[in-house]
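Everything on this sheet refers to the single structure shown next.
Letters are used for the chains, namely A, B, C, D and E, taken in the order the chains are written, and counting of residues starts over at 1 for each.
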Amino acid sequence: MSVTVPQTALGDTRAALRRNFWRGVARVLRRKPSRLAGVVIVAMFLLMAAFGPMLYPAHLPRDDNALYAPPSFAHPFGTDFEGTDVLALVVTGARYVILTGLVTAVITVAAGTVLGLLAGFHRGRWDTVLMRITDLQLTIPGLPLLLVLSTVWKFQGPLEMGLVLGLLGWGGIARAVRSQTLSLRERGFIEAARGLGLSTAHIIGRELLPSMAPYIAMNMLIAVTGAIYAQVGLFFLGVLPFDSNNWGVMLNLAVFGGGALTSTAALPYLLAPLLAILLLTLGIVLIVDAMDEIFNPRLREE
Amino acid sequence: MTTISHGVGESPRPESSAVPGLLVGTAAATTPGVRVRDLTVVYRTPLGELPALGGVSLTIEPGTITGIVGESGSGKSTLALSLLNAVQPPGRIAGGSVEIDGLGDVVDLAGDRLRRARGRHLGYVFQAAQNSLNPLKTIGKQLLDLGRSHDVDDLPALVRDAKSLLERMGLDGARVLDSHQHELSGGMRQRVGIMLALVLNARLVILDEPTTALDMITQATILRIVREIHQERGLTTLMVTHDMGVAAEVTDRLAVMYGGRVVEHGPTMEVLGSPRHPYTRGLIQAIPRLSGDITQSRALPGRPPTLGTVPKRGCVFQERCPLRMEVCETVEPPSVIENGRTVACHAAEAARPAERRKEHA
Amino acid sequence: TTETAGTAGAGGIYTTIDGAKQIDATAPINPFNPQGSTFVGYDAMSLAWPKNSLTDPNQFYPGIARSWTATPDQGEVVVHLQPQARWSDGKPVTSEDIRTSIGLAYTQGGSAYTVNAGAAGAAADITIVDAKTVKVTQGANRSNVFLRNVLSTVVVPAHVYGKLLPAGFWTTLQAARGTGPAADKAKAAITGLSQKVITFAPPEDVSAGPFVLERVNPGAALLKKNPYFYDAARIAPDKVKVLNYTGNEQIWNYLVTGTLDSAPFTAVPAAVMRKIKQTPGNAIRKGYSPVAASMAFNQARKPYDNVHVRRALAYLVDRAQVTKIASPEAGTPSLTTTGIHGDSAKAWLGDRLAALDPYKVDPAKADAELKAAGMVKKGGVWAMPDGSPWKVEVHVPASFSDWVAAAKSITSQLNDHGIEASVTTSADYILYLDELASGKFDIGFWLMALGPSPYNIYQRLYGSANGWSLLAGRLTHSAPGKDGNWMGGPETIGGVNPGELTNRLNLAAPDEQKRIVATLATLTNQQLPVIQIYDYVNTQFINTDRYTGWPPAGSEALRLPAGVWMQLGMIKKK
Amino acid sequence: MTTLTTRRTPRVNAVTRRLTGHVVRGLVMIWVVTTISFVIIRNIPGNPVLGQYETLIEKGMSPDQAERATAALYGFLPTGSLWEQYTGYMKALLHLDLGQSISTPGTEVTTLLTSAAKWTILPVLGGTLLSFLLGVTLGVYAGIKRSGKLGDLLSISGSLLHGVPQYVIGLLMLAIFTTLWPILPAGGPVDVEFVPGLNAGYLASLVQHATLPVLTYALASYGGWVLAMKSSVATVLGDDFILAAELRGLTRGVLFRYIARNAILPLFTILALSLGMLFGGAIFIERIFNYPGLGLLLVNSIGARDYALMGGTFLVTTVAIIVANIAADLLYTVIDPRVRTGGAA
Amino acid sequence: MITGTGITRTYKQRGDVLGAREVKALRGIDFTVPKGGAVSFIGESGCGKTTLGRIVAGLETYDSGEIVIDGTPMTPLSPRRRRPYFRRIQLIHQDPYSALNPTRTIHQTLRAPLALRASQTGRPSSWIDARAEELLALVGIDPGYVLGRYPHQLSGGMRQRVVIARALTVDPEMLVADESVSMIDVSMRLSILALLKDLRERLGVSLLFITHDIATARYIGGQGELYVLYRGQVVERGLTETVITGPVHPYTQALLSAIPVLHGLERPGRERVVPTEALNERHADEGCLFAPRCPFRTERCEKERPILAGCVESTHEHACFHPQRREVIPVEAVA
């Protein structure tokens, strides 16, 4: 008496569902064009990070006679202390910044999610131990610790930087994921899965994680911004190894070397990375705003 | 204290004959009637605006307890909220009128006049009583907020009234007023909800699923209280429920809703005893009973319509109807009044064509 | 009662900055404390104030000491105090005060007042000649900067600080100068007093200087005029406000807004300088500053052990361009590299300066030198003799923005010439020094040419950083990588031991000094343990709106605090 | 009357019970953090004496003078094996003795900390309260008018400000108010000319100097409050009791109070937490405005390798966070009647 | 056959360090569910029904007592060894809305346990999909319609059927239905009950039916036993029909009296009692647990706790010192 389900039909409905989701996304984006702008901005920065350095020679050209040149057609944001085009610095510097942001976000979110899931799912002793560690992570002041670490540890490149930032930042997510897990755990479907004897891996990977995916995705975006600011801030404070094509270093040199806050000559040199940060923030904020609406039915005002 | 009186036989059932005169003057003093005409409420959805109420007409006699039953999504809450002109966005009242004696057409009320009507003239008791109270304030403070909002000058008197109402419902009034909602049990909260609906002397009280979240025994208590207070205060009561039993226990008149329409309306005893609409019949049959032959109960086939699946044309019930005729697919059955009973069904009409009379032309 | 700027008095408030320390309001009012809330030249006085002489370290302006005499070999220094000198509580400044101050200095250690027997330039005896005259004699191992060290003595009131010295202190001191266990015990007793002296916190400031501390908070210190100052009539301002700062940019801001009446040497970017100059009243006094920035090699590392490589780099670095980028206002490109600041180099070397290689930018010569060193060029990029890549890493501390810019400019230039170069920064200066000292860098920036004492000049290049250290008056040499020898130069070059020569500078008579300096300059020029990049210019900012009578450009007083200027009769209320 | 006693007792119990647990856990946490920071701090490379020496040289002192000035510092370096230092440190900690500063020899770390703490509390408290009030007020509006243009603008600008790092705002403020339009002092805590105390000049100067840090602080955290309040309001708006209140005909004012009070409740916890977090975290602001608070103290102590001071600042920061956590929890116990009486009935 | 003896469960509500509150959810419950039989538990809110159901389904631990599944006592077994036994007992949740993962299609939901089953029994993977369709058909829904859908696209009744189908994937011997129809629309409630009944009759799956609605208990297991729970204790036990028509314990009588009367179809029972107060868990634990609410209580009730004992028939037991049969349920009004 079994009814055969043509595979195509099944596939079709699934495809249709996926289409529906994307249509929903498109609608949310369309409803406020600003959100589209957010996507465009972030895409632009991603492209910059991926291909920016390829647009320029390995050593950026300098103009010995145009130190801190004012903005001009050739140099839309002027030049730096050495006569290098500031725009080129911003573009080529995006990779470091964004790569660090991504690495940090991945580590933060991965560590936070795994620990939060473990703690929430296993409860009991596991939970206590993991949450104590999380508390510890949250209690140790991050920025001071980073300052200290930067003297102990030479951060070699964005990966290491991201690793450290990530290891210092997972606490919040772990806590949130844990509480989500705890509440999901009480939901019937998780209990049913356990009752059916499904493996823990299945329950966590297939049942729990997808339910938290939107939440995690959003946290990831926020973690990216956090990481970008943290590293730029550290570079700005001057505690990280020098790298001329770096937004934070640009801020540092503009303020402490070029006197951008005291006179206007180095102002473009200061403003260019600041604007880049602001723009990136704006882009991410707009996307988060859209995501909020896509994933949170409460805010989805049809 | 703990008295379980027993041997209460048939609870007294009033004759639904309180015939009021022309209701002019202060509504608070007299018992109001309600006339809903062609009420249409739509909700904005991704598929456009869809009607949750498709032209409901319903007359609620003054002094009766009217029950509204129907499955989930049939529009009961929407109708109840419409009586206060309080349909929540993204819904709106798209047409029709709700005439309440002493208030006029509620649909036309707005702003401060609407606000004053709510609470003072119209009492509303929530389904989720546990969530209908501000968790941060004691009941007493919320009572005072209510009084101030309605310009009650004599607040001590209001508190006295509230206390006596609560005591009437078997609670320690002073203690309850001094409590936060989390310190009260579900049944106590529901009684508080009823108190707040009545304390300003509203004469029209709307209860939306007042017992759904409650325990059996508590439910019985609340139902008894509703019944008694209704009589003592001379109210017009509208009680929304999805439980036929609950409606049967307390109401005088019963309206059955389906797919945003009132499909049958009449005295409870009659509607239950001899249902006319196939839906009503199906509903009654689907109730498992404590006595009698259980094999006779059976479920209604199919499932209730949602906003998007309500048939665009013809009878809303056509898809699940055992008596479906061709005409059902195209023509919406009109509401027919007969001996104080209203039915909207082609089949019922066909069965007794003799003494039919249109409620309105 | 409320005091405001208006009640400061006719002389007004003089606003400035102490370049030597950050204000710490919790620190005791004690000049022996490195963070102490006392300000040199204002309320902290020394016997005399060093002149900014090109070659002679023993030139001084009078301070508490009105005059002094020294025997030619500086074996005996007699100091005559200002007859009118009084403490701010009205008590006269006496020889006893000076003796107590010297006693306290012993507990802190130092060149003249050391308990190490045999140390060069150690004082042997302090005698009170009369109430206003003190005589200090030098031990056998005579240093030619003894006078300088004596005159630099900080003076504190005996009636406040005297109790810090236990009874019998002078006997103990005497005992400490000997040898054997008893002397060691005495030494320990004296150095054991060190902490007590440093942490001593008098309830209020008692100053012999023109000002006395009135109040201090984390943002500034306020000093008021000391009415008992021996030359009080010369002091124009009624109050001095010393502002704190955490970074140069704050000084720039103060300067741009015209807040400061004078500011000590501060690195300033060109644009900010223009802005500062635009502020009405602001003016600049430039003078000699015996410091230079250099890039130093770790000669223990390849290929920097090869002098040809160092020379090649010297030929490639355009010092003028680097200076323009890094320190356009406060530096002049070094004419050549001798280890001596450009200004004093002329005085020391005279004509011989011209004979030295100026290392003008010359890529051809650089190529030749690189070839001579066996370096190979592959695909336009220079590589090590064995063909492995050559990566030049120039290290600087991250907090020195001018050095960062200089290093960046240098690496850019090297990159232009096919040498792969990059800048690496250390998180802070202390970390930088630590890493530098432990030999972790190939090339690092380094301050040098610290005149006017020639010993100080070359001690930077051929002192402990290069393996030569003085241990109990004896010079020893450590191998590269040991005991802080990070420069790793050879112990002798062509029969010359630069370490020994440098040490001689401390003891030698002027003629010999001149010869040694010439030798070392030539050696430095040829061997290039460092490449001198730019010589600092002492740039002082003043504001002529409120006060006049500033020291002129090039004045020998320019590096002294404004408080000393006032003592010298400069700075008058407008 | 009887109701009073029965209702009070559980409250006291709940609070003390929670407090005891928190304190015990907090003390353990403090010990762990102190140990960790001790280990890290003692492993920072760099010699404070050499650093001080070269710094003095860099500032223009002659080498012999610099040597004299720094020689004394050797006496303040901790001695003994790391383990001895650790046990010594811990023992001293038990007596609330944080040791002596190295970079300001002769000054107790406690003295330095208390002096810096004053200056941290002022802008942090001022800025947080300012931004909290502003953010919460506008957040209510943004939450209620979620779909309106202005609400949108509020929340986007909130997110943006929330997203923009403190130092960016600080730098911009400094550029605007001290350079482009110099109306405020560029740094420092208070003008030293005024006698400290309750006099107009001193207070005015205090306010004047605190304006920029406070403003920066407020701007940087304002966005977070707007967003938090907005989402909290959205949650409360979804609660039935708001609809119930509306259907009882309560006035808009009362309704607004219901929404605001319920929505603000979770924010108080965040407020307490953020006060704790930011106790030592205003590093950027203090650095930019030369404001001598704990953040700057920490940076300086790291720069000078002042182990005792570093340890002290870390400790204060940690304790602040832990205390804030406890306070947040107790605050919740006190202000939320649901928790106050010890769990739902 | 599954039997439980003396099962107790006490929840400790954690205080932080000091103080904790105890809730005795179960105070020694004995029950027997015969193979293929149905047993119902009724009681008002908070009496421990859900706790019992979860314990029987192996989702919750118990403090003391013993559960014996087909002769194997569960208590000594390690959790891992216990698993295969408890897998044979599946819980059907009250709330079909949360019982299905909203992010997974019905197909995915069914596939996971079936795949596990297939790998355990060495069946080919083609069996999985076939079995999924078979099960859906068994619970009366069109596989073609639901397989590719997400739970939110289905009605409550359909979801509950899917939940049942999912429980059947592991070929359980017993289903524990905890208020399984209370959230389902009135019109469809009966069809789910009928399905459960049908599964019991056709597949021989025994049924532990937990409800506060006695009428549904009657519908599902008229021939089975009915246990009346009060504050974690069984106060009355007997064949369902017997208990309903002749309740002996005052609590059972109160429960049955509380059932609303379908006026028009029914008349209230002759001896209907009207209770006035709700359960209070903080009531004293001494004596008969129901005493504070009992209209018939005597002094003895307040001191001594009655134990479950036989009445007229040994199959009908009650725990009351003054048992009396009363007719409380509504009577059919013959039209």
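The rule we apply is simple: a residue touches a chain if its C-beta (ideal position, glycine included) is under 8 Å from a C-beta of that chain, and two chains touch if they have at least 3 such contacts.
Just so it is clear, the structure is predicted and the values come from calculations on it, not from any experiment.
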| item | value |
| --- | --- |
| Longest centre-to-centre distance from subunit E, chain (CA-based) | C |
| Distance-to-centre winner among chains (Cα means, whole assembly as reference) | D |
| Centroid spacing, where centroids are CA-atom means, of subunit A and subunit E in whole angstrom | 49 |
| Whole-Å separation of chain centres (CA-atom averages), subunit B against subunit C | 92 |
| Length of the line joining the C-alpha centres of subunit A and subunit D, rounded to whole Å | 25 |
| Between subunit B and subunit D, centroid-to-centroid distance (C-alpha), Å | 54 |
| Shared interface positions of subunit D, touching two or more other chains | 44-46, 178-179, 287, 302 |
| Subunit A: positions in contact with at least two other chains | 147, 151, 255, 261-263, 301 |
| Numbers and ranges of subunit C residues touching at least 2 other chains | 247, 253, 256, 399, 428, 431 |
| Complex contacts: residues of subunit C adjacent to subunit D | 1-5, 8, 13, 19-22, 24-28, 30, 32-35, 50, 105, 108-111, 145, 149, 152, 194-195, 197-201, 215-222, 239, 241, 243-247, 250, 253-254, 256-257, 264-265, 289, 291, 399, 428-431, 433-435, 437, 447, 450, 453, 456, 459-460, 559 |
| For the subunit B and subunit E complex, residues of the former touching the latter | 1-11, 13, 71-72, 170, 185-187, 215-221, 223-224, 242-246, 248-249, 268-274, 282-284, 286-292, 294, 297-300, 303-304 |
| Complex interface listing, subunit C residues touching subunit A | 247-249, 252-253, 256, 268-272, 274-275, 321, 324-325, 396, 398-399, 401-402, 404-405, 407-409, 412, 415-416, 423-428, 431 |
| Subunit B-touching residues of subunit E, taken from the complex the two chains share | 44-45, 155-158, 185-191, 193-194, 212-216, 218-219, 222, 244, 250, 253-268, 270-280, 292-295, 326, 329-333, 335 |
| Parts of subunit A lying in touch with subunit C, wherever the complex brings them together | 59, 62, 64, 67-68, 81-82, 147, 150-151, 238-242, 244, 252-253, 255-259, 261-266 |
